[in-house]
Every structure is written in structure tokens, then in C-alpha cells.
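Look for chain A in each of the two complexes below; its partner is chain B in the first and chain C in the second.
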Partner chain A sequence: MKQLINYFMVLAVIGFLASCNQAPTKKSTSSKSGALSGSVAERVYVAPGEHDSHYAFISGGFSGQLSVYGLPSGRLFRVVPVFSQDPEKGYGYNQETKPMLMTSHGFVPWGDSHHPDISQTNGTVDGRWVFINENNTPRIARVSLKTFETEEIIEIPNSAGNHSSSFVTENTEYVVAGTRFAVPFPQRDMSIKDMKGNFKGALTFLKVDPTTGHMSIAFQIKMPGFNYDLAHPGRGKSHGWFFFSTYNTEEANSLLEVNASQNDKDFIAAINWKKIEEYVANGGGKKVAAKYTHNLWHDNQHATTSTMEKEVLVVEPKDVPGAIFFLPTAKSPHGCDVDPSGEYIIGNGKLAAAMTVHSFSKLQKAIEDKAFDGEKYGIPVVKFEAVNYGVLENPGLGPLHTEFDTRGNAYTTFFISSEVVKWNIKDLKVIDRHPVYYSVGHLMIPGGNSQHPDDKYLVAMNKITKDRYLSTGPEVCQSAQLFDISGEKMELLLDFPTIGEPHYAAGIAADKIEPKTTKIYKLEENTHPYAVKSEAETKVERKGNEVHIYMSMIRSHFSPDNIEGVKVGDKVFFHVTNLEQDYDVPHGIAMIGANTSEMLIMPGRTATMIWEPKEVGVWPFYCTDFCSALHQEMQGYIRVSPRGSNTPLTFTLDGDVPGQDE
Partner chain B sequence: MKLSSVLMFIGALLLSALFFFPLWKITLLAPQYPDPLGLNIHIDHLSDGVQFNDVNNIDLLNHYIGMAHLPTKINVDKGVIKPMKEFTYFPIVVGIMILLGLVLAFIGKPKLYLYWVFILVILGIAGLYDFYNWLYIYGHNLDPNAILKLTDPITGKPMGYQPPFYGYKKLLNFEVYSYPAIGAYFIVAGIASAFLAFLQGRKSHNG
Partner chain C sequence: MQQKNLRTIALTILLSGSMIACGGENEKTSSSKETTTVQQSPKPETKPETKPASDDMSDIGVGPIKAFTLPAEIDQAMAAEGKKIFKAKCTACHKVSKKFIGPSPKGIVNRRNPAWIMNMILNPEKMVKEDPIAKALLKKYSAPMANQGLTEEDARKVLEYFRTL
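Presenting the complex of A and B:
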């Protein structure tokens, strides 16, 4: 018996030792204690029926779209389709929006949306438009903040990987689009290994019409073939300048992760665009043949036109001396950020544990004194000491992007050490740091790219979530995290999942947008060539094998809803107008056998889809949006007769030709 | 000009406001309509009471219960409904009353002012009666093929949807409010002014 007890005691000791010598089974990331006290919930709780105080426009990265969230609740309101087709809304499927996705390479159904930026007036975000860039097929889009629809997409020629884009100047004079990949300019057949010195990097300035927002390429600067990563405009005292970060100044063409990481310092390109604007206004620059699409939405026709542009104005840096300078900046800087005063230009040295802070005043003096350290491809390289205000050493690992508050502080994301660090620019001292979950990319403070940040909230956008949410298999959501930055210490308030990759964001106070939003499209202003203004105008016409249905929808029926005389081999156009003039009464339409998406049609709008019937029979169509109490009854039939049959073309509603019985 | 004549003059002119402002307003609220729908009733037409297109939107909702179309220009033009006679003769009557009032003010006999007030009150009552009648007709003269045919749980008869003549009434999911609008207050002011003219005139006549 005693032996047995001893035996068990030995076992117990072994068990105890084993349990002591184990690594933790899970790294604790929950911060339920401490910061996340009960009162935090109240600070992000927006009661039912109440509205958020801010809009956050978060790009969807590889989703190609722009999502609209509310802050502080983190609720998703809308995904604005921009660069990718969206079958839910019919975007890129119906005849009216297909041209929006036309490029010089033909129709491209997908895009990679990156950096939304809100239009500005006098250095303040004005809530008129969001500009957003597409990386893969270089494009810039403009989204209306009245309708929350994509109104314009312009392609950028001579560019590849349109990444240091789509940032606006403080009066929305320009939107910029810089190329991430250096490419032959213009494109030509040549050996890749001859890249160095032969590839170029285009920095494109797009003029924005102050009334309509319409964009046009004003000029393209043909820069050396580095990779241009991010950019920000000067503001206040530095208004008139633009700053672009570069990497791969080594001009490596293969295994860039090593070969583009050799130089201890790359550059921030400082561009005096006012000087170049003046040069161009005086006839400078050379018109060069190019091929790029300019797609424009017309609000009254409810349709897009796609125009192929033929040339672009190219400016060679050497032709505008004193307009472009390189500022040495610690290793492969990603973000290139300008503080609200316009004095400090900050390079986030991705591969160095250092933040480089340049001074705009020192830059001016350095240029005056010609404090240069040689040149690169004819562009003066300013002496580091002559332009540098200071360096914040070892703030964290892998700095990517910095935004600012109004109290002289900067907030920087650190991808590798997975944290946000708050530091004072003047003192170059770290004030606070907070972990994020995990691997943060960009961050956003509403009004961030302006003279007046609205500095209550900060949103960190994370690339990795792992265990933060309920698992959904190998592919899990990416996410955003909301911080309160009104105090000395940053406080984590909320995690919320996002669509696609939450790449970058812009935010603005809700009252700058909400009162101006469109509720309906007025029928009387609808000039779509196939629009109908009343049921009496609905009809069906045959032109050869094309059948055009001028259809209306109103609670809760289509007109006409019985159509006969359609034949196999016909091409049937549904031109459908939503006759409703009441807020939030969209209707949808889907046709069995149509090789396209449904169409979701807002009040007063007209949209067109094509159906090519292949089988004889009687085929139904119906409303896809739960529009009313009689939504389920909102349906109709089309009779399809054999090829060559002589079934007469008829169209009726309740047995009569629409408009005839009334 | 005597004070009483001036008051009578003003009283008659106050009626001209009816050519610009609605007489009555019906407001509808429902869970789906947090911003209410409104119907303004003028002497010669209906207009949107709260937001753009309210009249048509109310007309559209009415079809669920089989209510007849509202007498709007569109519905009249489409032949869906006969033009409302009142919209033709109300402006004429109001015009005549204004002219008559002005003539009486010019003549300056206070007793005649009282007659004018009397006629106007009679016309007003007749107008209200007419309004009530229309509400009754709209509320009860329902399409037998209506989408929603509900039965009154008390009477067992088909449910009527007569909007309130004055005040509040719950009609299905809608809370309906019906109150005089600016135009009606101008009539009252006109009557008051003319009555004051009569009193003032009599006083100065006697004095």
C-alpha cells in the first residue's frame, strides 16, 4: 500500500514538472482587463436608429472596391463598386456601366483598389468626391459622395503598378498617380536585364475640374526608373510641392527583396509642381503618343462613355531645372507623409528601424545654397544634413505610414513589430505605443491628408487576423481596429472585420456629407435614350433580330409583363426604368437564362441588360429586391417561339397594351 | 379713407393668400415613413406637403387598398380620373369674394361688411362640408379588386379608410393627421378683419 502511494506521488511530481516546463499554448492577445473596461463599449455603441459621427472610406485592396463604414461603430453601410464587377448591383454587367471597366487592354473585370483620398478645399476635406487608385491596370477613379457611385475612371499610360496615387492637393488642383514598377517608357520590346537606366518611372498629375470633378492628365514627369511607392502633397507653406517615396533605387530587375534592399538610403522625390505647371502653361513638355481610356458617367443619361485618348504631355526633369530634388531617406521608405503644418516630410523607412523627418524650410535653404551631394540622372540629390530635421531612431520595426493629430504628434504603423507608435515630431520622442492584431499596414485619422485632422479616432488596418474572430477556414477576414487618440495614451476601442484587404482609408465628419446625399434620381431629368416616364410609354420594338423592351417598374409590377413574339436567336434588350420617386424604393430584375447579373435599379433610373433566349417556352422574369408587400407578385412572362415562327409581337399589362386602357 | 374701409379692404385682400397657400394639410406617418408624407390641399390643386413627389407617392400607396386616384394633373391628363370641379370654381368664388369685398370697402357701408362676413362663413361651411364629403367618398368608394380587402372587426363590413376631417386617426400602418393650413388662417383673418371693420364702422357711425 505504502509503495503504491509513493508510486503515485512520484507520478504527481513528474506531472508537475512537466506542466512547469511547457511553453504557453497560446499567446494572450486579449486585453479585456485594463484598457477594455466596460465604459469602452459605450464609446463605440451607436444606439439603434442613431447615426455614426464619421464616415470611413476603406479601400478593399484586392476586392477592387471602396467600402463605407461608420465610426465609431465600425458598421459597414455600402460597398461602392469601383474597379471590379459587382453582380449584386449589376455594376460592370449592365450596358450602362460596362464601359466604366474598359481599358486600353479591353474590358478588365477586376482591379486592386488602394488609396482613397477625399477632395479638399483650402486644405480641408470637403466631402465632394473620393479619388482612388487601381494598382494592376493603372487607373484613377472618382466616386461621388452625393450618390456613392463611381463617376469616372481614367487610365494612366506609361505606368505599371499605379501605387503612389491617388492623393490630392489642398484645393484638389491635382490628383497624382505614380508608378510603382519602372517600365520601358514608352513600352517596347527589350531585354529585361537592360532595365537599369532604360526603364522609367512616370509621375502623372491629373487636373480636376473644380465644378464637375472631371479629370484629365495635365502632364507626366518622366522620372528615373525607380519604384515610386507612396506620396503626399505639401500643404500650407509647402503647398505647391509633392513628395514621392522611392525604393529600388538600385534599379534591380530580379529578386528585388534582396537586390532592391542594398542601399542604406533611398529617396523622397520632392517635386515643385507649381513650377512644372508654369513650364507647361508656357508651352513646355512634349506631346507623346499614348493609348488610355477615359470613362465618364453621365448622370442624366444614366450611362458611361468610354473614350480612347491618343496622347499625353510628357515633361523631362532636365528641362525644368530647380523643380525636382531627391532627399536621401532611410531604407526603402514606404509612406511619405506631410504633417498638417506642411513643414515636416516624414519617410517611413520600411527596412530601417528609423523615421526620417525632413524639414521643408531646410529644403528651401538647401536649394538656395545648392547644398547638393551630386545628382542622379540629372536630378540634384540634396545633402542629407542640409534637409534633415532629425531621425527618430528605433521606434519599432517596419514603419509604414504616419498620420497626425493637431497637437504636434505623429502616429506611425509598424508592420513587423505589429504596433502603432505615437511620437512627438519636434522632440523626436516616443510617447506611447500600442500593439495591433496583427501586422498593421496603413492607418487613418479622419481628415488625415489635410491641414486639419479631426483627431478623435484612429483606424489601424491589419493584414493578419488569425485568431481574432470566429474561424472561417484557411481564408479569414482582415480587419480594422479603432483607437481613441484624444488622450495622452491611445486606447483600443474596437475590432471590426473588413471586406477584401483594408488597404488604406480616408475619413470625414458625417455632417460634411450626409445632408447632401442624393435620395432619388428625378424622372424628369432622366435623358436615357430608352427611358420611359410613365407606363403609357412602355412598349416593345423589333429591329431585325434585336428586340427592345422599354419596360417600367413600380410597386408592384412590370409594364409590360406579358410579352409574346420573341424568338430563339433574338437578342432581347431589357431597358428598364424604375418609375418610383420615393426614397429607398429600388426594384431589381432577373431573367432566367440571361448570361449576366441581375440589375438593381434605383428610383428614377434606367438600366439595360441583354438576354439571348436559347430555348422555346414561356420564361419568367421577376423583381429581385424586396420592394413592397406585393414584391412576390412582381413578375412577368416572355413567350419564346421557335426561330422563324410568325408569332406576332405583343406586349400587355393586365390584358391591354400599356396606357391604352386608361 | 376711413379706418373701417381700410380694415374691410385688408380683409378682402387677405383672401388672395388662398391663391398661394394651401387650405388644409394631411400628414401621414408610418414605420417605413419616418419622414412623413404630406398632402397639401389648395383651392385649385394638390401639392407635395413635406417632400418632393409626396402626392404621387401617397397616390401609389392608396392603390393597395383600392382607393381612387387623387385628382392630380397627371391622373386627369391620363384620363384616370375626372378633373375635380371644385378646382375650377373655388378660385372663381374666392375671386368674386375678394372683388366684392373691395367694392364694399369702397362703398363704405359697415352693414354691408357684415353681409360679406356672413356670405363668407356660409361658403366656408359649405367648403368644409364638401371636403368632408370627398374624404368620405375616397375612404369608402374602394375598388372591389383592391389588393388588400380588410374587414372592420366590429361591424363586419369592408373596412373604410376615411382620413380624419380634423385631428388624428390611425389607418392601417399610417398615423394620419389633418389640420387647417396657412390658407385657412388667412380666411379667418379676413373674416376677423371684415368683422372689425363692421364694428369700427358702426362705432364711428353712431359716434
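Presenting the complex of A and C:
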């Protein structure tokens, strides 16, 4: 095996070297040549100092985070901490960001992130925010694409397994959060075997403020207790609708592997949210007690507030007739995808080896004609023939997800047969197929969930890695594969490793984000209550056994850097401001014996950590981020005296009170 | 432990190396900033002719500011504003009363060309690499001056404040 790999590597290198002499216009001859072709290497090579053409925001899966990659290079730029603590940045450790991980269940340090989606304006990705859902403790987060930081997390009550989330409508009117596990709604003590008819599935619509991005729960639809797996919004002609795939319409509560796979068809739930929005605007729905956190970052205060919300507006489907319909779809559909025109709604029949293509126009007609085949819990089931455009039979095994190009083609991942299949929607004909390594889950085309896919690249996110990289023991990285889809045939360009287990990703042209990114935080705008704007403001104050250090950092010293009068038993707060106003000059601070946090502080920012000294002595602290040629000199000392001692509280820099200039 | 020390040393060397190497990036950053905040003369990056280091007052430095003459009278209102900016952005490294991280600005207007002073504030990364005086100062003080993101207008006010010292 190893020999084989070596052999391939040699080939790859030769290919790469050879490419240097080739005309740049020469194209790879066939998809078979794959990454072994020199010209393929050129197409993913981003020369030193040059930038990638696209950002890819790839979910960090069970790491709870969001990773930021460049395409076509596949280089990892940043891991944005969202639902988990991040020791690299102090997120979830320092006082300012800890409240972001508060939930109605208390502090949750590790989440499971799933489906990033970029905000849109007029059906085009606009690069303002990325929304991403946490599956385990149902939440939706909003990440700023100016700062690449998590600005808001809102919990979803009455939900469990927040999976058919966090997809946005074409003007970011709403981001949705659907429940994968039906549960008692509201939660109560009851026998599990009584699930059928008694559990419910909440589909939650969160309103997004168009200026600030702030989210609030507009309404929750109390759907029958099926499992709502994935979702996509209507667009163009179907704007105003949302589509959710369902499985376990059997409502099985045990051994779902068998018992939730009995029905040949499950449903896609079609929701006319504009109709429900109107119903709610006219006073419809019922306010119901609920308990969920709403955590919001305040950019000038550099702090998060966590608020416990008390109620939520619940809408019963029966109260809004004509707003919700079930579309029969083969079997246990996973992905529920809508093509760029908004006409075709595609159910990826996970257990059927069939792609069900529904037509939005036919749906409208069917509703008009009342072409229904009974109802389920009061929700009309539309006759299959009345809504179905066609079925692509046997395109592969285990279809999971579909994305689209601008030329009428769909690209579907097949988990069991490990391949991506390109097919034409109108013709229902397979055009091309390409193996992936191995067992692909989601795929992403930049701008995929919009009217205008940017259809040069496709990223396949594989569930199984096996032998694709150097082994790192039983646990290996996840594997993504980059394809060029600009031609008739898909061409495999590159393998690159990803973190966690990516579920979906969102991509966008770099020029929609890069020029707007934040470089520094302006000191003038810093309203953190413990901020210092100059060294003259640095000081140390005692309040009982609390010692508050107002500290500054700049290349390359802390102010103050000598502190005496701290005692064993004190609670010492380091409120540290980075006074730098230059791009890419963060400073770090680490204090020996601090059990809470280290910190990494961006230019102009203030952050706080707590140290409770337990031993008498003189203890150093220092900068952890190499900041200048004098970084090694960036350190200070704190003297810790015994409990009850009389050592006076002093703080100095080079023997003076900081900022003294007489 | 020993290994870690070694690694630290290696890292230090590596990073120092990369800091030197990163110069190009800094230049890029500051020049792109100039385009937005500063009226630019057609060739802002033109290297000044090398001057003897003794001829301090004629060295205008490297950066967006070209040679200019200060008005005879000190504008006290402008100087007062400059003092505020100096206190907010510069005192982490400069004291008037004594040498601190860098030199005291006292008397600097008698030692340096006003354009040099402003370029040092606005374009320190390039100054310490290209300007003979700034190069010598870096050698003397070790700590390279930080770019605190002042606008050209801010720097002019700080200069006016320096005239009052």
C-alpha cells in the first residue's frame, strides 16, 4: 500500500514539475487523469502571497465550530468558535464570551454544528453573515463576516435534534430551525410508548433584522411528530415557501433503523410562510410559556449578554388552512433541495435509490384543484402525480444531498455508492458520475442555496477518510474533495482535510467579503466598562477580596507590569486592553496558576480573565503571541503575600505610576 | 524542558526571520491605507536620495508627507488637539519628561524635518527599513515604533503639539 502511495506521489511530483513547461491554457484531458495531471495541480495552486478566489465556510461538525477555507487551494485560514470553547482564542473561557455558551440547560461547552448558510439579498449571497445550527442543544448562531466572530446565539425551545436548520430565505427574512427528533411539546413526563400522535415536531421561523442581523423567534409551527430532516427555501417564483423533508412518518420510538423505514413514501412538508406570517401579523397564534436563552455580542462593549426568554408564539397548522401541505416523496428522504429557478423541489430518497422531483407550478395547480389524497393530522397530502414532475430512478445508492449549477443540472451525492452524480433536471438523465473517497455526505457549490450559484467549483465532504492521508492513529481527519464543474465532465482537482465531520458548507466569492473585513477595533469606540484608552488609565483597585487590574498591552510591554499587594484568597480580575491600532498585532496573556483562561486580545479590544492565587510568591505573567522582536521581554510580575498581610497595593511600570510624565 | 527551550529558540529565530520577511506585507498594508486616508502625490513610494545622516533637518523621510514649511506661529488650538492624540495613542511608549520605550519628543522639531516627524508617525514600518535616521534610531532603542493608525491630520496636530514642548 505504502509503495503504491509512494509511486503515486512520485507520479504527482513528476506531473507537477512537468506542468511548469506546459502552456497555461492546456486543459486536463479527462477526469480519469484526476489529480495526477500537472495542469490540474496548476488549477489549485495559489502562489505564495496570492489569494484564493473563494471562501468556503465548512461546518466543524462535532467540534461545534465553523472552519474557513480558501478555494481552490483548500487551505484552512481560521476556525471560528461558535458552539464550543476554543482555547486558541479564549472563546467560551474569558468573561466576555462565556455567556455565549449559556443555554436553558446551563453552560454547554461543546456543541455539534451542522449547516452553515450565508445571508442573502435578492436571492444572491451577500457575505454579511453566516448562520449555523447546533443540533444537540437546539440553537442557531450568527457569525459576522466582518469580524469572523460569533455575534449571536439563540436557543430553540420545544425542539430536539435541531437538524433541518439553519437555512435562510432569499432576502434573509427568516432563518429556519426544524426539529429532527419529535418530542412532547411542551416537554412533559409521559410514557415513551405513547409517542404516536402525542409528540410534535416544531418548525421555527426566526426573523432576522435586516440592518443588525439580530434574530428573534417569530413563530413556531407545531407539526405532527415526524422527524424533520433537512430544508430549503423556495426562491424566485417559490419565494414565500419553505420545504422540509420528513422521515419516521411511522412515528416509531424504538429501533428506528427498521421501524422508521416501513413506509415507501414519506413527505416533503411544503410551508407557505408568507401566509403564516400574515396570519401572525393579524394576531394569529398563541403565546406559550417557554424557556430559552438569547445571547448577544455587543461589539463596542466587547461583551455578551445572555437573556432568558419566557415565551414563544405557537401556530397550529389547522388554524391556517391552505398554508401547509405534505408532498409524498420516496423513501425517508434526507436532503430537500430547491433548484435556482425555484421550480423544482428535490427529495433525495436515502433508502429508495430514487430522486423525486416535485414541481412548484404543479403544486400550485394541485392546491387549486384540491388534488389531495387524504390528510395526516389535518394537513392535506397532495396526490403524488398531481405534484410530481418526475423521478430519476436508480442514479446510485443512498442519495443524500443535491446542489445546482446555472445550466439546469443537479449534482447529487450518493453515500453508499460513494459518488457524485451530475444529472439534468428537466431530462431526468444522468450526465456524468465521479467516484469520491469515501462515502460522501454533503456537497457545496458556492452560492448553492441561492438563485445564482457560482458554479465553477464543487466541494464534496466525505464521511469516511480511511487511507487518503498519512495515518494519525485510529482518528483521522475528515476529507473534502474539490471538483471543477465548469465543463461537461466533473474533474477532481484536490483532496484537503477538514475538521470535525463537516455537514454542509457555504461558499462565496472572496471579493464579496474580503474588502469589508475588520482589521482593528477602534479604541475610541471601545466602551467596555474596564477598558483603558492609554497607559495613564491603567491601575489596580481593590474591592474587598476582589482585585481589579486595568491593564494595557502594546509592543512590547504590559502596564502596569509590577503589582504588589495581592494576597492569597483574592480573586484577581485581569481586564486587559490591547492598545495597538495596527492590523494583525494581537497580544496574548497567560498567568501562571490561572484556572480559567489565557487570553488572546485583538488590537483595540478588552478582555477579562480571573486568577485566584493560592500560593505566596512572586509570579510572572507574559505575552503568548509573538508580537515583536521584543516579545520575549513582554512579561511582568505579581507579588502574592499571605492572607491578611499588610503589603500595600502598588502598581508600577519602570518604577513609576503608569502614565506619569512629569 | 531542554527540548522546549530549544524549540523556543528555534521559534524565535524563525519568527524573527519571518518578521523581517514580512516587511513586504506591512508596506502593502500601510500603502493601501494611504490611498484611503491621505491625499497622495503621484509617486509616494519614491525613495529619497540618500543623505548624510548628519544632515538631519533636510531628511524628510519616507512616506506620504512631502517637504513643507511650518507657519511661523504655533497654532495653539491645533497643538491642544495634538496633545490629546499624543496622550491617547503615543504615551504607551513616549514620555515628554524622559526617554521611555522610545525617545522623548521634546525638542524634536529642532532636530528633525517636520515632514520626517509626520512620516515617522504615519509610516514607521518603512521608515525603520529605509530612512537612515530611523534606521539608526531603531538600533539605539531596539523597539520598532508601532503604527497607531493616525490619519495625516492627526499626525499634523501631534507635530504642532511637539512645537510647544
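In this section, the second predicted complex is superposed on the first by the 624 of 662 C-alpha atoms of A that agree within 3 Å, B and C clash if a C-alpha of one lies under 4 Å from a C-alpha of the other, contacts with A are read in each partner's own complex, and residues count from 1 in each chain.
Everything below uses one rule, namely that contacts are C-beta pairs under 8 Å (C-beta built on N, C-alpha and C of every residue); 3 or more make two chains touch, one makes a residue touch a chain.
Quick caveat: nothing in here was measured; it's all calculated off a predicted structure.
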In the overlaid three-chain picture, which partner chain does A:S552 touch, first (chain B) or second (chain C), both, or neither? second
What is the contact status of A:A506 with respect to chain B (first) and chain C (second): first, second, both, or neither? neither
Could you tell me if A:A352 is touching chain B, chain C, both of them or neither one (first, second, both, neither)? neither
I'd like to know which partner A:D582 touches here: chain B for first, chain C for second, both or neither. both
Which of chain B and chain C A:A629 touches, first, second, both or neither: both
Who touches more of chain A, chain B or chain C? C
Considering only touches as defined above, state whether A:K533 meets chain B (first), chain C (second), both or neither. second
After superposition on chain A, the chain A residues reached by both chain B and chain C are 520, 534, 536, 554-555, 580-583, 629-630, 659, 662
Under the touch definition given earlier, write down the residues of chain A that touch chain B in their complex. 520, 522, 534, 536, 554-555, 580-583, 629-630, 659, 662
Once bound in the complex, which stretches of chain C touch chain A? 11-12, 15-16, 19, 24, 29, 87-89, 91-93, 95-97, 100-101, 142-144, 146-149
In the complex, chain B residues that touch chain A: 35, 51-53, 56-57, 60, 64, 74, 78-80, 147
Help me check something: in the complex, which residues belonging to chain A touch chain C? 49, 520, 523, 533-536, 552, 554-557, 559, 579-583, 585, 626, 628-632, 654, 659, 661-662
